[in-house]
Every structure is written in structure tokens, then in C-alpha cells.
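Two complexes, one shared chain (chain A), two partners (chain B, chain C).
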Partner chain A sequence: MNLARVFTVAQREWREILRDRIYFLLAFLLPVMLMLVFGYGMSQDIENIAFAVVDEDHTPMSRDYAHHFIESRYFSFKGYLPDAGAADRLLARRKLRMVIVIGPRFAEQLRGGRTARIQTLIDGTFTTSTRTIQAYVEAINLAANAEIRAGQLARRLGLPPQRVAALMQPVVLDVRYLYNQEVRSIWAVAPGLIMLILMLVPPLLMALSVVREKETGAIYNVCSSTITRAEYLTGKLLPSVAISCINAVILWLLATLYFGAPFKGSLVFFAVATLLYILCTTALGLLISLLVRTQQAAMIISLVMSIIVSIQFSGLITPVSALAGANYAFAHAFPAMYYNAMVKGAFLKAVGFEVLWPQLLVFVLYASAVFFMCYLLFRKRTRT
Partner chain B sequence: MGQAALVAAAEPPLVRVDGFVKRYGRRSAVAGVTLDIRHGEIYGLIGPDGAGKSSLMKAIAGVLSFDAGSVEVFGTSLVSEAAAELVKDRLGFMPQGLGLNLYAELSIEENIDFFARLRLVPAAALAERKERLLAITRLAQFRGRPMKHLSGGMKQKLALVCTLIHEPELIILDEPTTGVDPVSRRDFWLILSEILHERGATALVSTAYMDEASRFHRLALMFDGRVLAEGRPQELRRRVPGVSVQLRAGRQAEALARLSSRFAQVQALGAWIHVFAQDLDAAAADAEIRALLDDIPLDEMSSTEPELEDVFIASLHQKTAAPFADPASGQSFAAVRPAAADGAAIEARDLSRDFGDFRAVDSVSFSVRPGEIFGLLGANGAGKTTCIKMLTGIIPPTGGEGSVGGIDMRRAGRAIKQRIGYVSQAFSLYTDLTVVENVRLFAGIYGLTRRETEDRLAWTIANGGLAGYEDETAGSLPMGLRQRLALGCALVHRPQVLFLDEPTSGVDPVGRRQFWQILFHLSRVEGVAILITTHYMTEAEHCDRLALMYAGRIVADAAPAELKRRVAEEAGGLLEISASPVLPALALLRGSGFTDAALFGEHIHLLAADADAAGARLHQLLSQAGMTVGHIGRRPLSMEDVFVHYVTRLERGEAMQ
Partner chain C sequence: MKRPAPRTMTLARIWLQQIAVLAAKEIRQLLRDRALFIYTVYIFTANILIAAGGASNELRDAPVRVHDADRSVASRDLIYSFQEPQFRLAGEVDSPTEALRLLDRGEAQMVLDIPSDFEISLRRQQPAHVQALIDTSQANIGYLASSYTARIVARYSEPWVQRNIIRAGGDPRQLPTIKNELRVWYNPGLDSKWFNTISELLTMVTVACILLPAAAMIREKERGTLEQLLVSPLTPLQIMLSKLLSMMLVMLCGTAVAIFGIMMPLYHVPFVGSVPLFFLLAALYAFTNAGLGLVAATFARNSAQVGLVVLLMVMPIVMLSGTWTPMESMPVWLRGLMYFSPLRHFIEIAYGILLRGAGFGLLWDSVLPMAAIGVALFALGLARFRRQFT
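Entry: the complex of A and B
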């Protein structure tokens, strides 16, 4: 292997990437864009839901009830409305997502020991968030009920309210969420996105850069010269890997600083794992580029492969252990699944080399095997 | 160089190809080619697209495997990829497609450096060679300019420099001159000759232009995967005995029909008729033609030695027993309509078009009468296609106006589009549809009735020589037939104005002649006004009138013969000089005031006012310098000479300002 020739190929490639505006945007803007779009899109946390209250009762009790919602971190109180008609208009204009209507005889009914009815109006256009809002409302209502009932009983029995509360709820469920204490989904999504984007972009860039040479005929410069196959392939691989490493750093910064995901593990482990993962995915792109002739084909094949593998078979949405039979085996044939475990481990569990070293070994073998396949497939003297 | 080639003949050949066969899947690309390339020569492969030139060159360069036969380069038989690697150090290969193999974002210098480092050229040698080659190609002042901003001629020269930077002993250039303007082409041949001579290297060069044959020391005429003829250009011309006759007669269409009944190769060139009288000498040809024309008045007639294209077609007739379909035969010329109406069918007035800062078309004016064939001649990027696009209303002009049938194209709606037919450069057929389906589709687009459609379908099949191909898909047709089908589709609604954008690019000479025959018929018999663009200089002779385009401008506009006459008047006749050694002779002549002297293989061409006196002076000049002078003789001016003359005059004028 003559390093001068490897460097020559790599340097030329690097210059072209930096100067070709479209390729440059593809290389550096696409990953950031994907991170932001998917980061917001895939996060299932719903907070600060705009809501308002129509209080037709105007009693301390009705204000007390409304206060349960106003205090919640999930809701953002926008004020009191005079009537349900105003609520309708604001809901239609999407200024509000939820409205609580407290009827005129709320306090009276409660005092009389009867059931008071509260109306909640929820914007149902987005089913997932609607269900989440409904669940929040029900939970808060439950808490309010318990408090009201405890108050009533305490007064009737002459006991302190805490005591009554304990009597009413003999078993209290005390949940502690591990690794993601606040169960914020962006914490879990952001590391997953690093996996997804590094599965998507490096193969795309790599495949395009080789096929482009095939299309223009520049590949003949290589084929008709004395550079060896391994030198050329290495020279092509290096700039792509370098771009992806830069992107990995940017993505890590976005995940931790912008999305606020915690990073509990070892940075060294994360860096090594990411580099190896990038080598694997870039080598896959190289493999694709040697099998197709046009940039369109290279783009479609690499995107379809990446999307299917990283979304369905990586554990991003469905855990791999839940896949059956062939799907389970298929997931194991791509690096995304292993990296998904590593990146989550590094971010949320502080798991490092001591647990995940076999996966790193898999990456080394994987990248070497794919690269060797590329070496066998790439011919300087072709049939067509 | 001539001597060098002769001496070298004793040595073993540098490249030996024997029984070479290449197939792509079931399709045969090259079917048994045998040839030798000797040390120090420029060997040419001439043939149309699909003749097998590229496959053969790639195999010799060691980048393409083959199916049978042997290829030996520098004594190494290229039996495997590993064997091919052994010779790659000593050869340079430039693939087809002008500058496409270069790196668009890199500057001239970075491109050169890349190629050099890929070949491990030491830094000191690189620096020295780079300066020398940049100086020869006059690219030095542009060294920092990105490749994507270079003109066609500059890209071609840069590609050549990149191929030569590791000083290969054999260079293989695949169609280096296609689409390049004639001035750059001349430049290219000179640079190539100088470099090869200086280094004693050998070149294998392919081209689709028949008129480039005289640039080679030896050449092979290729067609359909076979070599039709091989040898030195002069030998090839003599291989098929006969004379080439140019004549001008009244009732041109009728004269053409009568001559076609006797001679296989008859074609109309503007107002002239060109006949290749095979197996006849000048006197016999003269007598026979006069007898055939009989009562048709003959205005002028002269005969010359045959062109290579005549020989090519005659060889084809010999090798392939089946005669070529003659699409226009059987047509009655009785209904000849005189070029009817007055007024211009197509008119351009100060037409200009800018793309950003770049002025693609610069104040172009011309007009085309009904029944006239008007040619726009120029290199790739000269502005021909942009002109057509403005005249057909596809893009609006930045300035000036273009009108068809007296209607301004910017305001013209559907009505005008019914009146024009357009065959575009790249795409005008649906390649997955059959011949019949294509015609029906176009008929449907133009809203023809069922009866009209059947009528035009029959007309297209008959006139396009497409009988027997009705159910073939357009994509599977040979180039020549495909272009005739495209023409038929463009004519389906009987337009009175026809725009053709490089319709004959890549078509073989036989196909081109048939295509022109149809155009001739359309213009003379049906009175259609035709505007055609081409970068084949020889093809320009078919036009009634010609506009030479260069860098967005029209540099001359007249009948081809008139253009030649004007050049002869301004600069004199064309002299061919054979002197050896030829390169120093060329340098001497250029230094002695003959700045337009150009190298054609082993000969020098130049323009001289008083040919006889100049001949004597040249003889003296060369002899005094101790050079051997073979012969000095007159040659007819070619369209390329005309083009080069006008462009260099224009450039000189600009340089003085």
C-alpha cells in the first residue's frame, strides 16, 4: 500500500466535497436537519398544553378545582373565558388545546354530596397527543377528587386530612424510573437518532461519491493508472469517514446541549464505538456503490436499506428481543442494532467497554469483512 | 515523422491486436479486429458511434476485458487483470466525453497534480513538466481556474495534459475532438504532434469525423464492430478507384434523380450535386454524367480525387452485399414547387440571451426563406441550441426578437406551434415505444384525425426507410433509423418550418446521407424551411446557406461556396506541402509569416494569396533550411478552413482592440 497514492485520492475527494455546494450541504446540513426534525417529531413528551377555564360557578371551590390544572407542569394556563362559545373559537384557531368548563352549580352540588360534572373540551386532531392530554386530565381529576373527598370526610369525622388520605389509599404505588428518571422521551430518542443518522448519511455519501466517478468516466483515471485497488478504496473511504466523524461530534453536541440529554458514560468508549460504527456503515455504502451504475440507484438503494434497518431492525422503536425468527436474524446482520445498544448504554446507563466490548469486536470484524468484499468486487478491468 | 514511421516498421509493433472480439451480453460490439500500431505513429480509429472504437481502446488500455482474440501491448499479452496492470505504467488513457473525466471543482493545476501524484511522478519532474505542458497548451495563465469554468477547447487540452503528465510511451485518446471547435481542434493536433515527436511516443486516437483522417499516419475505418479498411490515408483514398465529381445543374431535383439511377453515391450539397463515380476516370465520368443529364442544362462541373467518406461508403457497399435502402427513391419529382412565397419563414433580429453573467447568444440576426436549408455551424457551447430554443419559443430571449412565419415567438401561442416541427438534440422519441406507437403518439399530440394519422404513418414508414421495423422499439433501432423516425414524428403535422438540433450527431455516414436526402426532398419538393445545427464541418456543405457561430456570435453568413470564395479572395488558396522533418518545417513556416500553417498528419496546409508564386517561395524557404520538400500542391478549401479563417480573423481583431 503506497500511502502517497491513498493520500492523493483522499485529498482530491476532500477538496471536491468542500467545493461542491450540493454535496457539502448533503454532507453537513442533512445530519443536523434530520436530528432537529426527528428530535421534535419523535419526542412523545407533551408539556405546556395551552388551556383555559370557563368558570360559571365563581366560588372558592371551583377556583380550587381549576387550580389543580393551573399548577401542573403539563398545562399552560391561558386565562379564564367568559363562556363556552369563546372556548370553541379559540380551540378552532388552535390557540388552545384543551378547555375545562365548570358548571354553575359546582360548589352547591359538591356540598350537597352529589356528583358534579365538569366538561373538558380537547382538540382531537392529533390522536396521540389527544390521548395523552386525556390521560393527564383524568389523572389530575382523580387527584382533585381524592383531595375533595378527603376534605369532606375529615370534616365529617373530625380527623386530620392526612390521616383520612392514608385511610382512603392503603396502598400507594411508588415508581422510580431508572436511567431516565423523568421519563423524558427525548432522552431516549436523541441517542437513537445518532444511530439512525449515522446509518443513513455515511452510506449515502460514500455510494454517491464512487458512482459519480463511474458516471463521468473519471473512474477510468483510476482504472488505467497504477494505483492498486486497496489504495483507491482506502482513499475514497477516508474522507467519507472523516465527514461522518465531524457529524458525530455535531450530533453529540446537539443531543447533549440542545436537547439536554444526559451523557453518563465514558466519552472514550462512545468515540471508539462511533468510529467503528461509521466505518461499518461507510463500508456498506462502498459496497452499494460497486454494485450499481447510476447515482439515482445508489441513492435509492442506500436510503431504503438505511431506513429499514435503522427504524425497524435496530431497537429504535421495537426492541430487537421482541422480533421473531427471520426478523431477529436480519436485525443482527446490520450494525445499527449493536450501536443502538451502545449509544443508549453510553448516554443513559454509563455502560462502557467492560460490558460492550464484544459488540466492538463485532464491528471490527464487520467492517473488515465488508471492506474485503468491496476489494473483491472492485475491478480495474471490467466486463462492461 | 514520416521517416520515423518507416524506420520503425522494422521493429515489433507496440500494440498488436489479433482477432479481437467483445460482446456486451448478447450484443456484439467488436467482431474480430486485427491491427498493429507501430512505434512513433499516430494511429487513427475512424467510425460512427457504435462502431466498436471505444471498446477496442479500453481493452488496449487494460480497463476492459474481452471475449476472444488477443491484445498485446509492449509485448505483454493482456490475458488477465494482473497482466494489464503490468503495462499501465507506460500508457495514458483519456476516456470519451469532453473533459468529463476531469474534476469539475478542482483548478487546472490541481487536476494536473492529482493525475501526476496518482502516477507517483516525483515533485521536481512534475513541476518541470507542468510548466512545459501548460506553456505549450497556453493554459498557464488560467492555472487557478476551476475546471468547470473552462471552455470546451481548454477542457480538451487540460485532459490531454493530465493524460501526458506521467510521460507515457503510448497514449490512447477516445474521441478527443468531438464537439470541439475547429480552431481548438487544429491546436490540439499540433500540440499532440509536437509532444509525441519530442518524446518519441505513440498515440492511438479515435474520431467520428471522416475529415480528420488526414491527421493520422495510419488509420482503420471501423463500422459495426469490424475494420472496413486499414492503411495510410492516401492509400485508403486510392483503394476504391473512381473520381469525385461536383456539378451544378438546372432543375437540381430532377438531375439528382437521373444521376441516382446510375451512380450509388449521389448527394445534393446546397445548390451543388456531388457524385462519386466509382471505377471511372475523370473523362469517362464527365461523359457519362453529360449523357445522363441530357437536356438538363449543366452550369459547372469539376472532378477531384475521392474523399474518404466516398471510400468509406463504397467499402461498406462492397462488404455488406445488401444495398442500402434509398428512402427518397420512387418519389416523383414532377411536382417540384418553386420555393414559393416571399418573406422569411424564420427570422432572428438581434437575438440575445444571457444566462447570469454569461452571454450565450449575442445579437444574432438571420432569416430563412421557405424551401431553404439554413445551417448553424459551430462547436459545442457556441450558442446554436440556445438560438433554436428561442426561435421555437421554449425560452424567452433577453433581447431582440425571433419570429416564425412573421409571428413573434414571445407572443405566439399554440397556433404557431402547429406550424413548426422540432427535433431536439437529446430527446425526442420515447425509446420504449415502437416505431408505429411513436408516430401515433405524436399524431395524437398534434390532434390529427384517424385518417390523417394513418396517412402520415404510411408516409413516415415509406420516407424514413422504416419498413420492416414498424414493431421494433425506438430504443433498439440503429442511430440512423432512430433519427429518421424522430424526423418523421416532427413532421407528422406537416409543419412548414423545421428545426433540427444536431440531428446527425453520432450517425454513420450512410445514415447521414440518407437523412440529408430526406431533408433535401422536404425543402425542394414540399417547400419546408429548415434550420439545422451541426458540428460536422463537412455536413455544412449540404446547406443552401450557412451561418458560422462562435462564442454566441455569427461570424459569417452566406452560401457555402460563397464563403469559400470570400476566404480565397481574402487569404488565397489552400496549399498542401509535404516536407520532412515536418514539425521543424511547420515551425519555420509559421515563423516566416504563414501564421495559419496547420499540421495534417505528414502534411502542412496553409493559405497563400498567389498560390504559384507562393509555392516557389515556400520551396526555396524550406530547401534553404535544409529540409526535404516532397511536393507542394493546391487543395480545395474545406469548410473547416473557412471556419478557422473567420474565427482567427475575429480573434485577431479583438486582440488589436
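Entry: the complex of A and C
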């Protein structure tokens, strides 16, 4: 292989990428856009829920109760309302998602050791978030109850408040959140998105770049030149891999700095794994490009393949272990599944070379095998 | 002096007739393009049926594994409080390492770790610690699991609390209680099928309203029939209007089939508000999106490119307009940007009319921006369409 010729092909390819407006857009804008769109679109965090309070009691106790909600990171307090009628109107106009109505004898009933009934009106239009809002409200109500009961009992029995609190809570529940300590879904979504985007974009870029030459006929120049098949394919591959590496860095920065996902593992491991993954996915794109004749077909096939593989067969949504028979085998035939484990490992679980080195080896073999297949499929002598 | 009036009348009639003929041609073309026709039928029928059974994002049958080091009556009572529909007891684990392995592999949503002194601590009135390890890689489900667990533990503790209070000399009947009654409005049964089918319909209407006019326009361009149209006595406005009206008609028929044929009879989705108002505003929405599709078509040279451009536009519109993720959770700059998404306004309108029975008085602040976006896009499309050929 003559490196000078490889370099020439790569340089020509690079120039073409910079000059083709749509291709350039795909290469550099698409990954960032996908990251932002899916980052916000797939994260199901429910926060800043607009709510208001109708306080008909006007006592320190009722204000205290409202404060439990006002201080929560999940709710965003929009002020007190004069009456339930105003609450109805604002809920109907979707200015509020929730209204807490505290009745007139709230403090009096509580002080008498009785039950005070209050109401929480929740907009049920979006059922998914409504369920979570209900859970937030019940959790806060539970905490407020415990506080008031303990305070009152301590006063009545003349015991220290801590002792009463212990009596009131015989079972202490220590919750440990695994993988995602702040329960922010973007922490888990962002690493998965790096896998998804690097499965989607590199094959698309690669497939389009070869097929474009077929469509315009520029491929005949290659066929009639002294350049060898391996030199041409390598020269095509390099710029595409370089672009994807730049994108990988951008995506990593977006995930960690912009979305704030924690990165607990080794950066060296992540870099090596990502480079190998990009080689694999780009090689797949090259394979597609050799099998089709039009840009349209190249685009559709590479997009459909990438989307199906990265969403359904990578462990992004359902774990691979839950797949049955043929699907299980299918998942193992693509690099997405292995990389998903690596990226999750590097971000959330701090697993690195010592556990995942077999997967890296698989990538090396995989990329070489696909590239060799491309080499066999690519012919300078046309059939017709 | 009466002459000019009938003359303009006939001119107007011819002008409209030309549009009608062209629109009829568009519909015929759609009916004959088998792939596109099947796709159109699919999105308004089978797709809605599939969406109804889709993800509801509630905690259901979450597998719970238990590490019970106490093996007492008290610990067993606690374990069996974890019941369907939210949880499913999936068996015991021998060690915390095994528990972590099961969580790693997604075979447990939660692992409950009960220490060996659980019952003794309860009897001695000392805090009995129970650990819950929860997989929060899906944050929402993780949060629900933890909140249901807290509720179950609180209910389980109730008799122990009463015992403790009596022993301390208090009266458990005199405890103050805040009873928070949750009232869910507009969907009291929290039936996720209502939400799922409506949002799927809106998504598909959006895709169809952008894609169909764009495809119709690019087809003419690719086959060169656009030049034929341009040398005909038709104006660019007529060409664009005919494409828009025909696709609008297709979309309205599809929506009617989806709502009256599937969503209402099968899933009991309510139609509280006014039917004419809904379809009028749906037509306006179709117009707005068609404008987007036509603009996309003027930027592209072939159907591959138009597919790509449409994809790039539809993805953020569908994912970020507030059906799948709540607007409140997004950063301010993104919320500002999504103000220009027609779907963001139509979501308010569609849910408002269907579930809340909202009238124009409540919806005008969504209708006006949507209409403005539509007019702007259509004007842009028209301007670019003319420029392509001069």
C-alpha cells in the first residue's frame, strides 16, 4: 500500500466534504442536533411543575404545609390564589398543572388532633407526568404529616423531639439509587445517545460518499487509475473516521458539560473503545455503499439499519438479555450492543479495560473482517 | 354597469375551478401511489391501535428481589406487602453481590435488604433499617418505585407506630392527620390510552402534513412536470394551494376516521368540545405544516434530500413540542425556540378541545401564533417557489 496515494484520496475526499453543503451539514450539524433533540426528548425528568396554593386558612401551619411544596425542586410556585374559582380558570388555561386547596379550619383541626382534609387538583391531560406528580405529592404529604405528628406528640408527652421521631418511624427506609444517584434520566440517556448517534451518522456519511461517486461517474476515474483497491478504500475511510472522531469529542463534551452526566471511568479506555466503534460502524457504511447504486438507497438502508440496531438491539431500552432466540443472535452481530455496555460502563459504573477488554478485541476483529469483505466486494473492473 | 361584476365572478370561478381540478389530480395521484397510500391509511388506523397499547410509563410488575437476613414474622410481613400491580416478588437472593449482579442485568428493579436484627429492633423501639437498592437508569420508573416503597413501608409501620405511642403514654387516636385528596382533572381514571392515542395522532398528522405536500411537490420537480405546470395558465399560488388543499382534505378525513372510528368507540376517548371548531383548527394546522413541507421542497433537489430535510425538521418538532416530555422541564432557551413549532400550539388546541372542552376564548393565544407561523411559512414557500424558476 502506497501511503502517499492513500493520503491523496483522503485529502481530495476531505475537500469535497467541506464543499458539499448538505454533506457538511450532515457531518457536523446532525450529530449535535440529534444529541440535543433526543437528550431533551428522551429524558423524562419532570421538574418545575407550575403550581399554586389556595389558602383559606391563613395560619402559620397552613403556610408551613405549602412551604413543603414550594421548597421542592420538582415544583415551581406561582403564588397564592384568592379562591378555587381562579384555580379552575388557570388550570383550564394550562397556566398551572396543580393547585393545592387548603380549607378554612386546617390548623384548628390539626391542633385538636383530628384529620384535616385538603385537596390537590392535578391536570391529568398528560398521563405520564401526572402519575409522577401524584407520587411527588404523596411523598411530600407523608413527610409533612410525620413532621406535624412528631411535633405535636413531643409537646403532649414532654419527650425530646428526636425520641418521638424515632417512635413515629419504627422502620427507616434507606433508599440507594444505583447508576443514577440524582435520579436524573439524562445521566443514563446521554451515554446511550453517544452510542446511538455514532451508529447512525458514520455509516450514513460513509455510504453517501462512495455512492455519490458512483452516481456522478467519478468512480470511473478511480477504476482507470493506478491506485489499488485497498488504497482507495482506506483513503475513503480515513476522512469519514476523522469526522466521526471529532463528533465523538463534541458529543462527549455535550454529555458531560452540557447535560452534566457524570463520567466515572477511564478516559483512555473510552477513547480507545470509541475509536474502534467508529471504525466498525464506518466500515459497515462502506459495505452498504458497495452494495447499492443510488444515494437514496444508501441513505434509506443505512438509516433503517442504524435505527433498528441502535434502538431495538443494543440494550438502549430493553436489556439484550431479555431478547429471545434470533433477536439475541442478531443483537450480537452488530457493534452497538457491545459499545452500549462500554459507554454505560465508562460513564456510570467506572468499568474499564479489566472487564471489557474482550469486547475491544471483538471490535478489532469486526472492523478488520468488514473491511476485508469490502475489499473483496469492490471491483475496479465493472461487470457490464 | 352590471357587466364587470359577472365577469370577475366567472374569473374567480375559473380560478377556483382550476385549483379544484389540480387538487383532484393530487388526490388521484396519492391513491395510485401504492406505497404512500398504504402509509397514509396505516398512520390513521393500525398505528393508533398500536399506540394505545404503548408505553404508559407507570410502575407495573416491577421485579423485586429480597435479601432477608432476619427471616422473622415481621420481615416476612414486610416482604409480602410488596404486591401487584406495582411490584412482583421475584424471589430471594443470597448475598448483596448477587443482588447487584441482578440489578446490573436488569432482572431486578429493586432489591430489598432486611438486616438480621429487624424484628428485634422493632420490638425494642429502636430504628430498624431497611435498605432498598433501586435501579434508576430509567429515572421516572426509579422514582415511582422509591415512592411506592416509601408508601408501603409507611403503611406497614402503622401498627408499630400505634404500639410505640401507647407505650409512651400517648393516644394514637388523637394524632393530627393531613389527608390530601388528589383530584385528577380531564382524565379522572388516568387512562393512558387517551393520552397515547391523541399524541400519536398528533405526531402522525404532523408527519403527514409536512411529508405529503413536500413529496407531491418534489415528484413534479423530479419528473419535470413542474415546468409543464408553470407554462400552463396556472399561477404559482394556485399550484401550491391545490397541493395544500388536497393534502389537508386527506388529513382531515384520516383524523375523522381515527377519532370517530377508533379512538372514541374502542378507547372511550372523550370529545368534550366542539367538533366543527376542532376540525377548523385542524385544517389550520394542516395549512401551517403544509407551508413547512413546501418550504422544505424548495430547498431540496430530489426525494432523497427532501426526505432528509423533512426528517431533520420533524424530529425536533415531534420530540420537543411537549407531548412526550413536559415543556416545563426544558431549559428556557429551548422553550423559546419551540414557540415557533406549530405542534406546540396544536397540542394545546387538540387536548384542550377533546379533553377539556375548551372554546375559542381559552385557545386564542395558541391559535393566533399558529396562524401567524402558517401564513409566514406559506409566504416564504411561495416566494422561494417563484424564485426557483426565474
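Some observations on this one:
To be clear about the criterion, the second predicted complex is superposed on the first by the 360 of 384 C-alpha atoms of A that agree within 3 Å, B and C clash if a C-alpha of one lies under 4 Å from a C-alpha of the other, contacts with A are read in each partner's own complex, and residues count from 1 in each chain.
By definition in this document, a contact is a pair of C-beta atoms (placed from the backbone, for glycine too) under 8 Å apart; a residue touches a chain by one contact, two chains touch by 3 or more.
Just so we're clear, the structure is a prediction, and the values are computed from it rather than from any experiment.
Looking at the shared chain after the overlay, A:221 reaches chain B, while chain C stays out of its contact range.
Comparing chain C and chain B on the residues of chain A they touch gives the larger count to C. Using the contact criterion defined above for the overlaid structures, shared-chain residue A:9 touches chain B, although it does not reach chain C. When the shared chain is aligned, chain C comes close enough to touch A:128, but chain B does not. On chain A, the surface touched by chain B in one complex and the surface touched by chain C in the other have no residue in common. For chain A in complex with chain C, the residues that touch the partner chain are 22, 26, 30, 33-34, 36-38, 40-50, 65, 76, 91-94, 97, 109-132, 134-139, 141-142, 144-145, 148-149, 152-153, 156-157, 159, 164, 166-181, 183-185, 187-188, 294-296, 299-300, 319, 321-322, 348.
For chain C in complex with chain A, the residues that touch the partner chain are 56-58, 78, 100, 103, 105-107, 122, 125-140, 142-144, 146-151, 153-154, 156-157, 160-161, 164-165, 168-171, 173-188, 190-192, 194-196, 302-305, 307-308, 312, 315-316, 319-320, 323-326, 328-330, 334, 348, 351-352, 355-356, 358, 362. The part of chain B that touches chain A in the complex is made up of residues 24, 58, 61-65, 80-81, 84-85, 88-89, 91-93, 95-97, 100-106, 110, 114-115, 117-120, 146, 162.
By the touch criterion stated above, chain A contacts chain B in their complex at residues 2, 4-5, 8-9, 12, 15-16, 19-20, 216-218, 220-227, 379-384.
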